[in-house]
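Note sheet for the following structure.
So that you can tell them apart, the chains are marked A, B and C in the order they are listed, and the count of residues begins at 1 in each.
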Amino acid sequence: MSIPDTDAAMSLLPAAEVREIPFAIVDGEHISEPPRDLYIPPQAMQVFLEAFEGPLDLLLYLIRRQNLDILNIPIAEVTRQYLEYIDLMQDMELELAGEYLLMAAMLAEIKSRMLLPKPPSDANGEEEDPRAELVRRLQVYERFKRAAEDIDAIPRLERDVFVAEAELVERKLAPSLPDIALKEMLLAFKDVIQRAAMFATHHVSRERLSVRGRMTDILARLQGDELLEFATLFDVSEGRMGVTVTFVAILELVREGLIDLVQAEIFAPLHVCKAIPHPEWSAANDDATDVTN
Amino acid sequence: MSEPYVKNVVEAALLASGRPLTVTELFELFDEFAKPERASIEMALTELAAEYESRGIELREVASGYRIQIRDSIATPVSRLWSERPAKYSRALLETLALIAYRQPITRGEIEDIRGVAVNPNIIRTLLERNWVRVIGHREVPGRPELLATTKDFLDYFGLKTLDALPTLAELKDIESLGVQLDFSSGVALPEAAELQEIMGSDEDEGVPVAVSGSVSG
Amino acid sequence: MSEPYVKNVVEAALLASGRPLTVTELFELFDEFAKPERASIEMALTELAAEYESRGIELREVASGYRIQIRDSIATPVSRLWSERPAKYSRALLETLALIAYRQPITRGEIEDIRGVAVNPNIIRTLLERNWVRVIGHREVPGRPELLATTKDFLDYFGLKTLDALPTLAELKDIESLGVQLDFSSGVALPEAAELQEIMGSDEDEGVPVAVSGSVSG
């Protein structure tokens, strides 16, 4: 809303402060009440009402318009003005939100408390101003009313800020693959090992991952049909531990029948090669192939 | 200097996406086997920001990442591209939004207490539809009212990086400091002390009393 | 050379509009009292096109005017902005991969023996395609089954320096707490000496029953 709108609407009304001055002098008599039949278009009243966001907003307007200190509201005067608007709106038979009437009741209550004799002070000897709650509510409301104006003033998309965009004419198919967290895989392994353990009736051994990795490395080096000299599989720079791991890996490969150790004659250098397919197994394999064909 | 390829992908992605992108999102665009260092993506962003200095566009970091936008100084001619004026938002909507932004999480009832007037359900619906506001839970009181909070989209829309970037709220003056000067012609009347105590003491975090008043809302 | 302001407005307008713009449309954006020559708008377009040569974007003239678009050569990474979040891998795949990692070299039959169910050939194919697993030979038994092992890419993906950086079976018992200590993403490998010491050390400290593939398959 904007204040000029409100002022325009207000100008159609017998504004509150006008009451201080006689409204008119008729036959020498001061008339301070507007004539009851004074015509104000209901639409104008509606506009007036809609210009406010509720009773707190209306009260704030009355206070600010007269440059009153919000901390020291002349409650009697403000209440009188507020009630006048309410009466007027009711006279216009406009549907008035319940909040406006509740505020009227609250103002009347504060006014009456201000007039009552002072009761004894409380334990702290402090006196609470009957207006305190109203003032706090007005302040808090005004605070957020301003915050709303501040937010409205922030440069925002569509109104003030435009995003720079360029056209992607044709989207390329770029399949992205599922991710795995290492932990997921480890949990899966833990499960499968536990499951397998329940059925395990065979010997139990401790797995050495270094040895497993080294087994893979050695097999990878034996991809071709060539013989590798046994000694070349060892990397002395790995130290005693490294050499031992390699040795255990070779033994395990031999045990699993994955590699063969060959020696031309006694004391000749040892060589390592891929295990040679057993003739019978190859035959079996051929048979299997025939069957599937 | 960053690799030209990295900078080109970063710039093209920001321009193609139509929404802000985080460094992580930019990082993930690169092929698994040709991923740059995260640092080189950050470097590319810094370089782009510097290159845009003399241009009509700028790189801006908002809540959900980086975006390239039209520089403010050039927004006027560019805004002539659209003949329609952008939508204005009502005061009621802006006040409701302000309360949600500054007091989140907050229930509709609490908004109504502060504004002193009922909140039109259309306003909350509009805020939810725009994805500026979302329900983040329920207050465990009778009726389990929904707790409303703002979203990253809200911050993005207003070009903010965090909620802290919102304008600061006006100071509240304390009527108590004025108490001494009060001069009541016919003595000071106390409201029911207990009642006020309860009302005023409900919001310690800011020292701002939430105007929750049984007598008003009831 | 065109005025920088004209070029900046032209570029910003093309980037803001979301549709191609003609020279006339660009011309009309300028303030009535500061209209550039039409020629200087055309010059700005030429200059922009040249500037974009080395970038991830390009200026293109299409039927309804000029537009800035993503260069084709960079469209693949940019397209990932819209790629759907990939599905998750199945439990069976994770178990298979884990068995290959811990028991390499291993055949499919051995995996099936340990898992107690048949391995879907698609799982092995996926792992081979992802280049996490490769065939390093054949076991010389009837059927000469392929021996599967993990690759360098596998180690890289999980940020591991060596296979030894995988937790031992004993450590797996406490995997929940392990996750906290080990920074899996950056893949810190255990110090090698300590590792080997442990491997070469006595077996008594660990009594985890483990089904050894060789004997199971036999």
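Everything below uses one rule, namely that a contact is a pair of C-beta atoms (placed from the backbone, for glycine too) under 8 Å apart; a residue touches a chain by one contact, two chains touch by 3 or more.
Not measured: the values here are computed from a predicted model.
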*Based on Cα centres, what is the most central chain?*
A
*Which one of the chains is farthest from chain A, going by Cα centres?*
C
*Averaging only over C-alpha atoms, locate the centres of chain A and chain B and give their separation in whole Å.*
11
*In whole angstrom, how far does the Cα centroid of chain A sit from the Cα centroid of chain C?*
27
*So, what's the distance in Å between the C-alpha centres of chain C and chain B?*
35
*chain A, residues touching no fewer than two other chains*: 162-168, 176-177
*Which residues does chain B have that touch at least 2 chains other than itself?*
12, 15-16, 28, 32, 57, 68, 70, 78
*In the complex formed with chain C, which residues of chain A make contact?*
162-193, 195-197, 199-200, 202-213, 215-216, 219-220, 222-223, 241-242, 244-245, 255-258, 274-278, 281-282, 284-285, 288
*Mind listing the chain B positions that touch chain A in their complex?*
12, 15-16, 18, 28, 32, 57, 67-70, 72, 75, 78-79, 86-87, 89, 91-92, 94-95, 97-99, 101-102, 114-118, 156-160, 166-167, 169-170, 172-173, 175-176, 178-179, 182, 184, 186-191, 193, 196, 199-200, 208-211, 213, 215-216
*Can you list the residues on chain A that touch chain B in the complex?*
1, 53-57, 70-72, 97, 99, 102-103, 106, 113-119, 122, 126-133, 135-137, 139-152, 154-168, 176-177
*chain B to chain C touching residues, read off their complex*: 4, 7-9, 11-13, 15-17, 21, 25, 28-33, 54-57, 68, 70-71, 74, 76-78, 80-81
